[in-house]
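Accompanying notes for the structure given below.
We just call them A, B and C in the order they show up, numbering each chain from 1.
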Amino acid sequence: MRVFIFGIGGTGAKVLRSLTMLLASGIRINDSSDLTLVPIIVDTDAHNGNTARTRDLLRSYYTLRRTFVGAQAASDAPSFFNTQLRSFNRLDATSSDAADLDVQLNFQNQDDTFANFIHYHGLEQQDKDVLELLYNDSLDEAPELHLNLNVGFKGNPNIGSVVFNDLKNQQQFKNLESSFTATDRVFIISSIFGGTGASGFPTLVKLIRESDNANLATTKIGAVTVMPYFNVDAEETSRIQSAIFDTKTKSALSFYAGDQHMNSIQAMYYLADKDQGGSLRNVEGGPDQLTDAHLVEFLAATAIVDFIGKKDDELLVPQCYEFGAESGGNPLTIGAFAEHTKQRYFRPLAAFAYAAKMATDLIPHMRAEAFYNGKELNIDGKLGVPSEYQKLLQFFAEFQKWSGTEMSNKDNGRAFLSFYYGDRDHLNQLLHGKPIPTGFFNKGLTQAKVAGWLTKNEDGLPKDRRKTEKYLDMLYMTAQQCLAELGQLP
Amino acid sequence: MKILYRIFFFSLAFSASAAILCGCRYDQDKDGLDDEQDACVKVAGPSKNQGCPIPPEVQRIHLFLDNSASMAGYYGPATDYKAIVTDLAVKMDREIKAVDITLIADETQPFRGSATDLSNAFATTKFSTQRGSELHKMLTAVAKRAGKREVALLVTDGILSFPDSAILRDREINVNNAKSTLKNDIYAAFSDLRHAGYAASLYAFQSKFSGTYYTYQNGHVPLKGEMRPFYLWVIGQQRLLPGFDARLEAISSFHPAAVMHFGLTNAALHDYQLLPQVSKLGHWAKADGGIGDVEIIAGQPLQAALGIDLGSLPPYARNLSYLRSHIETTCEGCTVTATVVTHAMADSSKLKTSKQLLAFSRSSHVLLLRVTAMGLPEASIKLVLPMRYDNWFQAWSTMDDRDIKSHAAQTFALEHLVQGVLDAYDTRSKNFIEFNLKLRK
Amino acid sequence: MKTVFTWLYELLCGANDDLPEFRDTIFGSVGLASLLLALLLAALFYLLLGRWRHVWYKLSHWVVTLLVCLVAGFGLAFGIARQTLGIFNGYAMLFAVVNGIVLMSYFILFSLLFKRFSVYAKRTPF
């Protein structure tokens, strides 16, 4: 089973980032051992900071899975990095997976201005006049007609819809279209209050439903559309204004409601977290648009997991879904969520958090342990694969930043406190709201205790496995023991 | 892998346990006392006695006095016999165990009184009133009274003789048949005793004799105070007798003129202790079965001291002069001489370690082996002390007592009596001591 | 066994002809006891503690155990020699020191043998 996941615009990329973290935590999405996710970032702003970060993270995941799990490993295996990813332009099963993961869908002439894109200069004057009525032809303030597409649509869905409509002519999209099979599914991530997502989402749905490939035209589509969940600093010169987020949302929703193709989406997930304080730096696009992760993005990622986990007969009739926590509060903690959410999403994340902490902070100090030795895992020698080992540690560091720092940022509006990585010699306080009790005889998850588990787990692994696989398995098994010591989530 | 590990572990544990059980302790006699601490390595014994068996204590002493008519001269006035016998009876009674007294000849008559009453009885009562009996019969009757924890003693003149009636028929019967019939009767009597586990000791004394002496032809010769021999036979279980003899000989007034023991030792002694800290000369070291690492330098003899415990040998065999004159040392592959010294004479000034001190303390004698040449890489020293019985009894014996006045200190046919007993106790081993010592360069 | 121990100790300490107790009992019993003690300590380090708990497995722990071997080897030889001889002289002192080193050597050998069966100490000392 393959699922093509389109992440449209900056928000799409950020949700994909959260999804990557979930996948890395070893979440078991469904019972399919050959489940393959095909992430596709759709953004003309190819240099967008958020997009670039997600692209790099997905590529890291791909490389790490190949090195530390094995390219042929099952997607439902009990392991970190278990779910298989594949590049949308290498869908043929026989094509090599040795290359980097390609996730960015390219637009033709994406470095041009909108005017060039629609061949404005070659039009008759009367057509030009009509276009000038529809689009601002100023060169200085809030240009629309002369907007350079390589910084995205700057909150202009009227531009985005035109550009996205041209996707059907892109060779990459045509290839994707032709290789789509009856068992494949599509999931689309977008925001409703920006430019790229708001315009790209309905256009993409239209392209899919009107595809010449019946498999694609009739495929089961899931989509999450994120409604306003953050504010940006108010800047008069910026095209992005928090004040008109709601207006844009209402307008788009009203369009969705009347659109035939939009109403054919089998699972439509709506997410919103309005009226929260705080505001993010106002950056219109490009490399500087690099914002912290937000809880809502993570919840949007859970919508993807939820959709893939649904059986075909659950998707016969189009349905809309919303997400609710058991309690509110700002900052929010894991304890605010329903038990199902905790078990399905936060438990794997907690295991990965333990592993990340062990790998980055504890293991480098465990020189005396047997597994550290050069004849065992050779930690000093970076497992014999210095580049990949370093990449894994960077991934763990990125995860810690994502979960421990970014999501707890008060500027996000609603901060989310999940994991705390500050303690140096124990893991007792790792989960917010659930410290591991300690006493005179039981010091909880100390470095020594964890070292013992790591050593014993490593010793129990088959001797003929690769060091990289043993290393990740050792972390996975020890993280499960930490979870067992933790007991119920908060 | 787990199974391999378990097999390895259990094998290791088993080997270790086996090594502990078999290797750490040496207890040859299985008496619970390591050989290190065991004074009797080869014989089991309680630890309170250093691992040696506790010799059984005599519980009763039966004293038989020969009161046949021929003994009358010993019961005369102021004889040594009466003094010795009464002194012996009283001191045994006081210092060893209770003594009961029986008069024996043709019949046995219990003496109605204690040991202290014997002296008065000798003065007031007439002894030696019975008709004589044959000696082997008396000895058999006496031995029968010696139970497992008892000893029986017989005081007699020790004269072998046929009954009077036989002598009347043939006046030379005693002379002609002493070496055959009389000796064989004695042999048969003591052979039975030996098989029943009995040993015997013979103590010889001298006493004035005032009365009629009966010759082998039954002729009457009056003697007036001539010194005549008489004998004390001690019969008891072999394991009981050495201890009893030792206590008997410890009585201060007990001074026999001669002694013989029969059946006290059955086997030759094989044990010795090398004492490298006693009078050691040259370079050598104790090794299994003898001496190793021997280095002989011309003009510098090698000397090794061997501690030996001769406590179980008869006193005469322990005598230094006997040892020095009879000990035989031979060596295949070397030139060796042996000198015996007593425990007291040995140079113990360099003894320092407890084991050697203990070994030395357990040695009654020290044998100094001096090797002056050793041509081969290995040599074997053989040391033997032959079993030579004392032959004093031959001087104390006569086969013609018709002129007893000139042979008053002799006993008729004593040599055949003693030889009969010797034959009965004759053992395969002809040596008191017998051991081999290996020498290796 | 006794012969082997005698050969070993006399090789290291030289022979003492005046004290046959060394050949008779001390070399044998001390040698066997030392071997078993080293076996016991190695089994304790690698098989018992080394598999049971993550408490005594580091190189520093191993070095301490090695020093325990040295002291135990010395003490064992000292005790048995003194008990057997009743005295303690220079030769016995040399023997005790040598036995400490011998016991350490046994422990090192057993370490090489046992470490593969350990969990926590399978790479101790190297």
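Assume contacts are C-beta pairs under 8 Å (C-beta built on N, C-alpha and C of every residue); 3 or more make two chains touch, one makes a residue touch a chain.
Because the structure is a prediction, the values reported are computed rather than measured.
Which chain, with its centre taken as the mean C-alpha position, is closest to the global C-alpha centre?
C
Among the chains, which one keeps its Cα centre farthest from the Cα centre of chain A?
It is B whose centre lies farthest from that of chain A.
When the C-alpha atoms of chain A and chain C are each averaged to a single point, how far apart are the two points in Å?
Distance between chain centres: 62 Å.
Can you work out the whole-Å distance between the CA centroids of chain A and chain B?
Those two chain centres are 110 Å apart.
How many angstrom between the C-alpha centroids of chain C and chain B?
51
Which residue numbers or ranges of chain B touch two or more of the other chains?
Residue numbers touching two or more other chains: none in chain B.
For chain C, which residues are in contact with chain B within the complex?
Against chain B, the touching part of chain C is residues 1, 15, 17-21, 23-25, 28-29, 32-33, 36, 39-40, 43, 47, 84-87, 117.
Which residues of chain A touch chain C once you look at their complex with the stated criterion?
368-370, 373, 375-376, 448-449, 451-452, 455-456, 459
Once bound in the complex, which stretches of chain C touch chain A?
Residues in contact with chain A: 53-54, 57-60, 118-124.
Which residues of chain B touch chain C in their complex?
Result: residues 5, 8-9, 12, 16, 19-20, 23-24, 26, 36, 274, 276-277, 280, 283-287, 293, 352-357 of chain B touch chain C.
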